[in-house]
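One chain, subunit A, links the two complexes that follow: it is found with subunit B in the first and with subunit C in the second.
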Partner chain A sequence: MTRTSPAAEFDSESIERLDQIIASHLHREGPLLPILHDIQAEWGMVPDDAQPIIAKALNLTRAEVYGVVSFYHDFRDHPTGTHVLRLCRAESCISMGADDLADQVCRALGIGWHETTPDGRLTLEPVFCLGLCACGPSAEFDGKLVGRANLAKVTRFVQEARA
Partner chain B sequence: MKDFIIPDRDMGTPMSKSTTMVTLNIDGISVTVPSGTSVRRAAAEAGISVPKLCASDNLEAFGSCRLCVVQIDGMRGTPASCTTPVSEGMKVHTQTDEIAQIRKGVMELYISDHPLDCLTCAANGDCELQDMAGAVGLREVRYDAPKNHFARRSAVGPNPEWRPKDQSNPYFTFDPSKCIVCNRCVRACEEVQGTFALTIEGRGFDSRVSPGMGSDSFLSSDCVSCGACVQACPTATLIENTVIEIGTPERIVKTTCAYCGVGCSFDAHMRGEQIVRMVPSKDGKANHGHSCVKGRFAWGYTSHRDRILSPMIREKITDPWQEVSWDEALDFAATRLRKAQADHGKDLIGVITSSRCTNEETYLVQKLARAVFGNNNTDTCARVCHSPTGYGLGKAFGTSAGTHDFDSIDDTDLMLIIGCNPTDGHPVVGSRMRAQLRKGAGLIVLDPRRTDILDTAHMGESWHLPLRPGTNVAVVTSMAHVIVTEGLYDEAFIREMCDWDEFQIYMEFAADPRHAPEEVEKLSQVPAHLIREAARAYAAAPRASIFYGLGVTEHSQGSTTVMAIANLAMMTGNIGKPGTGVNPLRGQNNVQGSCDMGSFPHEYPGYRHVSDKATREMYERVWGVPLSEEPGLRIPNMFDGALHGSFRGLYCQGEDIVQSDPDTKHVTSALTAMDIVIVQDLFLNETANYAHVLLPGSSFLEKDGTFTNAERRINMVRRCMTPKNGFEDWEITQMLANRMGGNWNYQHPSEIMDEIALTTPSFAGVNYDLLDREGSVQWPCNEDAPLGTPVMHIDGFVRGKGKFLHTEYVATDERAGSRFPLLLTTGRILSQYNVGAQTRRTENVVFHPEDILEIHPSDAEVRGVREGDWVRISSRSGDTSLRAHITERVSPGVVYTTFHHPTTQANVVTTDNSDWATNCPEFKVTAVQVSPSNGPSEWQEEYSAHSELSRRILPAAAE
Partner chain C sequence: MKIYVPIDAAARALGSDEVADALRVELQKQGVEAQIVRNGTRGMIWLEPLVEVDLDGTRHGFGPFEPEDAPALVQAIMARDMAAHPRAIGVVEDHDWMKGQQRLTFARVGVIDPVSVADYEAHGGLAGLRAAIAAGPEKIIEEVMESGLRGRGGAGFPTAIKWKTVAGAEGAQKYIICNADEGDSGSFADRMLMEGDPLCLIEGMAIAGIAVGATQGYVYIRSEYPDAICAMNDAIADARRQGVLGQSMLGSQYAYDMEVRVGAGAYVCGEETSLLNSLEGKRGVVRAKPPIPALVGFLGRPTVVNNVLSLGAVPWIMEHGGAAYGALGIGRSKGTIPIQIAGNVKYGGLYEAAFGMKLGDIVNGIGGGTLSGRPVKAVQVGGPLGAYVPVSNFDVPFGYEELGAKDALLGHAGITVFDDTADCVKLARFAMEFCAVESCGKCTPCRIGSTRAVETIDRIAQGDSEAIETLKDLCNTMKWGSLCALGGFAPFPVMSLLTHFEDEFTGPGAARREAAE
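What follows is the complex of A and B.
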């Protein structure tokens, strides 16, 4: 029943930027998802503190915003490494050896799903279909699609990024 | 929930309001239902139960549980019957082999992720999951799920999917391990309560009910503890703590909540003489199965250890209390009252009736004054709340009550809410308003403070007119100015229902440039364009309704504002049809009833003046005694009289005037000056500190009777248990009356109601048989309206033609100046009720442990006040200390607090200004100064010392 101050932890500069993002989408029908995308682009995650502010602006409650944010795996509540490698886990890629690839990549990087390398440079995420089934197994590195992925290809991307 | 516990069968989906009828065939039975009805509901109408888990008839169909699937000739597959609407000639099969197999399969999956601890589960015997497992004939669960939510540990260690119970709410427990994610709680919070505090987080196997955001508990979320989710839950995931502690109830008593003026019907679930839980009645015509935290959960005060159960007397108010027998206490009281009359005159004693007791009890207390004391010295707490409503609406329309029923909210296109805070003060009405706002109804709020209804999720257009306290008349009249000068009035309605010539004169008055928004902006600080927009929106809405509260009445111009409101409604034709009207939201459960029952010194029951010869002679005949034709004393006159020695004795039933009336010091010195003060109450309330006799009262759970709510609805109150104090309140009044020669012989409250019906035309048709049969009726209930009157003034006003009264704004004497530069206004909070005597004795203190002063950041800054600081608030009447909360909800120059806690005593600060017509105190405007302080004021310390001293009780002398 006690309403907590929505912006307890978020500094005033962040709130200003957040307000800009919200304002740029307010005219749209269904502005919540575009706002969340922009926020994730800005901060690499959707900070908890942003949610009540979005809720107030859109005439929603913070529970509703949280329901949406938590529904989509792609919205993160914590920051990722500088780079993100995503490996497809859907049926078509599995039939093309995605499981093996995943094992090899995990071993090579020394991390598991949703984990980040100790140097904070790379996060490994599973993804369910990148729409590249004809070239499976597929991967995605920092938003760039990789067809017929194998350990060598993936390692090259990773090493280039680390350099 | 299970049918044997709640007999109202759950039909699965809401009723369709369509008038087109559709006939279909279900399992060979022909059934005709309104178009838009679901197949699930149509089957229920035909007496066929289709299994279900996610459906409930107070929620929109959701179609997620897959148990209510059916087969329909000509349709592919197995559609969910809850989401499939009926169509003409449809042939439905609810039980086929294929469906049986699907249902069994679905149940098997549910049960594979559910702890099978049924025997020790709090919902045992009252669990829909259990019922459905039985209904579909589930006999085995073949799945050994690799992951589950219910086991605390697995063979390899703690189960990461398991989450502990959330016991943060004092009244219910959330146990996620039993959740089947049917969404009913989330939907109830959204659709029924309108708070949207709950959501489903994640998806798939990770779907879980979450209060607020992931980091929230139920207590820290937006949850308002209305209990709708607990009611909706088909399992023990959300369940009342009392059910966990006690077990399954064994019988139900239908009764009425004793908190606010909404008058919610409740089913008291009993085990023996113990309450297990209070559940809002689905057939309650005011609340339709919804409730708020007070009625649903905060009834623990009725068995609180502070309750006084034996009568007590004392010679002087500084003496300790002496417990005595009823005989001794009543003799003492009667003798003292008679002595005061013998020594000083018969007009020197009086009564204050209760707005919390039943109609029957109130009727007897005013009868005590008129027929036994032989004067008309009776008044009631409505003096300090809605007396201007009685006066203003009486003058304009001819009746002293709201014009519509709450169902009318469902038909309104725009709500104008003035000086009331429905989501806190009248939460069930607030929820119904929110539902209508979500459907697109417009909202105009006139309030110095930004109230929560303005933050309704998913609502349409709204305007907030943050006026300066005390300028209601100016702003409402200015809205009339806009309507008149822009020609937005409803000429046809005015010509038919009012006097056109009179309206011409009123028009001339309202059109004067001094009422123009641009002028009124200067004194009310409401931007002129907002007044104009609001007036245009109100006039343009096809059906606009007005709701108002104490923010209208408790002013020096309270009655004038009520008249201005009536003018607005009449000039736009917003009276007499559903979705319109003028509706005061009344504060206490029976404040409407206490007014109806003749509690005022100038009126007999049914608002008939004591000087009216025919009425007086009728009562003289029925009561068999001569009656006084002189109006008696109002509460403030009683206090003034006491200080001058011309008022010596008071019988006060179920009111705490020391805390609820303005200028506390004035009240306490008046009480101290009296020869005899008799208090009848559940507790040693603040007034009892100044009393000589304490007659222990009975709670609403311990008596039969009726309450009348804000929509004039007479609801039954039924006895659930034996009075802990030994007697129902009406019996105590009767015993006192008989000791003073009253010679009354009522055996049951129904006989009192019969006398009320016999003597009061608007109640002529009311009796307990009718109320038992109908559930409730709205007065007038007589030959013309044998089942009561939901909407008044349909074909003409009660007084004949509606009257336009001129409403000139006169500024209150209470003005902010250099000594007291801020304006204090007071209000309510959801979890506490009135003086708090009840709610402070429940777990509701978790939500609101103390009164807080709301102050604008700029006012706080110049005074060096920080969040949570102790501040001293002083006015020309007195001062008190409390903590500050810095917020922009109040405008600069305005501060706000509540009056629920006697340790704060906000009314020490309020003044003796009052409404020009009715003496209703001006609680809502007090010029004050706020300054940092170290803690309680001198007065608070003195007062608490006196409280302690005067609450000492000596045990009864040993026999």
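What follows is the complex of A and C.
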């Protein structure tokens, strides 16, 4: 999921793959978001070097593409750690102790929101609602949903991933 | 023999995949022939994973089910003694939670195999589309008008009037766009419908297409719902294969096709004009109205933008008639509303009922009060932009105008329950912090106001009670000066907390916090 490739090494193979992605969406009405989603799925982020290529293909300015990439929380300009832990911070989860859980997790991992552990293995992200509001607090670890989350459950996932 | 194990995201979050695996292993081990069907959820989330065994046409429930419960279930099946299992809850349809409901939109959710067009049809699916094809555009709009259906996304605008506007608009290409950017905490009905009965939404959108003369549709789903995205994509592909979607829907003269579009984590894209910009591949910035999207919408063309639940109600209305739907409910709130009971609540989940239930009956009766066992302090109705309603207002009937009369709003009909440990100042701060993070930046009251409000609430928390007037003033500016509901409604939770729990902002509560620091 998070194949990382620093922007500086955006080589001809990458450009070829990028062209494929763009071509597969060009027929759509409003192709930019689908293109960006596919790019992020491929590289784990939207590399800076991809932006002028997208802009040219869609007849947009680089500023317009940058504006879109930077507007949406999902799109990132740097890779995450190998694993991503997301904790819901919205009201339903707050009512079930999400704030305390977040404090415990941050302390246990030694990192804050949007930060990655020094070994590069785990990134912690907030999320505002996973739609699991009747079984909160909720979390998501590498796409796996966790209802009725607590420190023990979350730690188990993290440890399994690090093992 | 069929065994149902929900594939709904909430059930999976509580371990239903592991349960399905354990059952598969155990069935093989004990040599029992049975098919495992991954259905949607019945909505009784506290019982998830809820396994159901279909024995001679009656479905017996077991939950909350753990993988370790699998051997005993297979034994119970072999003995044909359902009550023998320690997790048995009896016949699912006879459960009090199910019996009290009027499931129109959610009739099939949790019942059918969501990926089977045949199962969908066997449970009444496509009857609405067939009726719509026979009726034609004008009659469809008449039926929806008679049903009294209003926007279930929160704005409450009459669906038929929107459709009529688009139907009457000039344009070679029109669109049906479904707003499935369900970002409100406490809401999960859209997700549940898309995962449990995706064809119902497709059918509703197809009927809307016929009504207004639109041949293309998009369902804009938030990226936080990967399971719903997957379910909708699969269902659309199936619907095309079966001739439900395409150049000639069910062999009729009507053409309609649709595709899924995925959001990118911006809450504001649940606002319809922001959603349109996002679909077009732009920043999800709000557009000023007029022009209204019905006339100048997606790519500048006439566009219907409806919520999942509005469109999901349409197949039933077309099958049974607008009058039957409109006969339910109270005042100007007609039909049923899928109520989502969430947060700190004993029996949380989705409960579809006619409008008009008292809020207190929903929270304390259906929901059983808090999960923590402590007294209920307040509930937030309608997501992060909805007001907190204190227990003293629990006699308010659940309806658009009825909640409005209490300075609250229905929103997307999600209810988040808080017990008496809830910190009102913190919740007020969260509302404004959320608005500041999610503001699209187009208008000043929302962009700047929310940040200033966070700072002001921090001052109040530090004991500066003079800042309360400043906060009220800011709320007023945001309420009346913002372009869209994000800035315009973010003051609702804050003002409701200030009104009903004022002493926490000024009184001993604030002093306690001061002392603690």
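A few points about this structure:
The criterion applied here is as follows: the second predicted complex is superposed on the first by the 154 of 163 C-alpha atoms of A that agree within 3 Å, B and C clash if a C-alpha of one lies under 4 Å from a C-alpha of the other, contacts with A are read in each partner's own complex, and residues count from 1 in each chain.
Assume contacts are C-beta pairs under 8 Å (C-beta built on N, C-alpha and C of every residue); 3 or more make two chains touch, one makes a residue touch a chain.
In this text the structure is predicted, and so the values were computed from the model without any measurement.
In the superposed model, C is the one of subunit B and subunit C that contacts more residues of subunit A. By the touch criterion defined above, A:36 lies against subunit C but remains apart from subunit B after alignment on the C-alpha atoms of chain A. In the superposition on chain A, A:91 makes contact with subunit C only, while subunit B stays out of contact range. In the overlay built on the shared chain, the residue A:71 is in contact with subunit B and with subunit C. Of the two partner chains, subunit B is the only one touched by A:61; subunit C is not. In the superposition on chain A, contact of A:20 is made with neither subunit B nor subunit C. When both complexes are overlaid on chain A, the residue A:48 reaches subunit B alone and has no touch with subunit C. Shared contact residues of subunit A with subunit B and subunit C: 64, 67, 71.
Those residues of subunit B whose C-beta lies close enough to touch subunit A in the complex are 195-203, 210-216, 219-225, 455-459, 830-831, 847-848.
By the touch criterion stated above, subunit A contacts subunit C in their complex at residues 29-34, 36-37, 58, 64, 67-68, 71-75, 88, 90-96, 99, 127-136, 138, 143, 145-148. Across the complex, subunit C meets subunit A through its residues 9-10, 12-14, 45-46, 48, 182-188, 191, 216, 223-226, 261-267, 278-285, 298-299, 340-345, 348-349, 371, 380, 383-384, 414, 416-419, 422, 426-427, 430, 434, 438, 440.
Those residues of subunit A that touch subunit B in the shared complex are 1-4, 48, 51-52, 56, 59-67, 70-71, 77.
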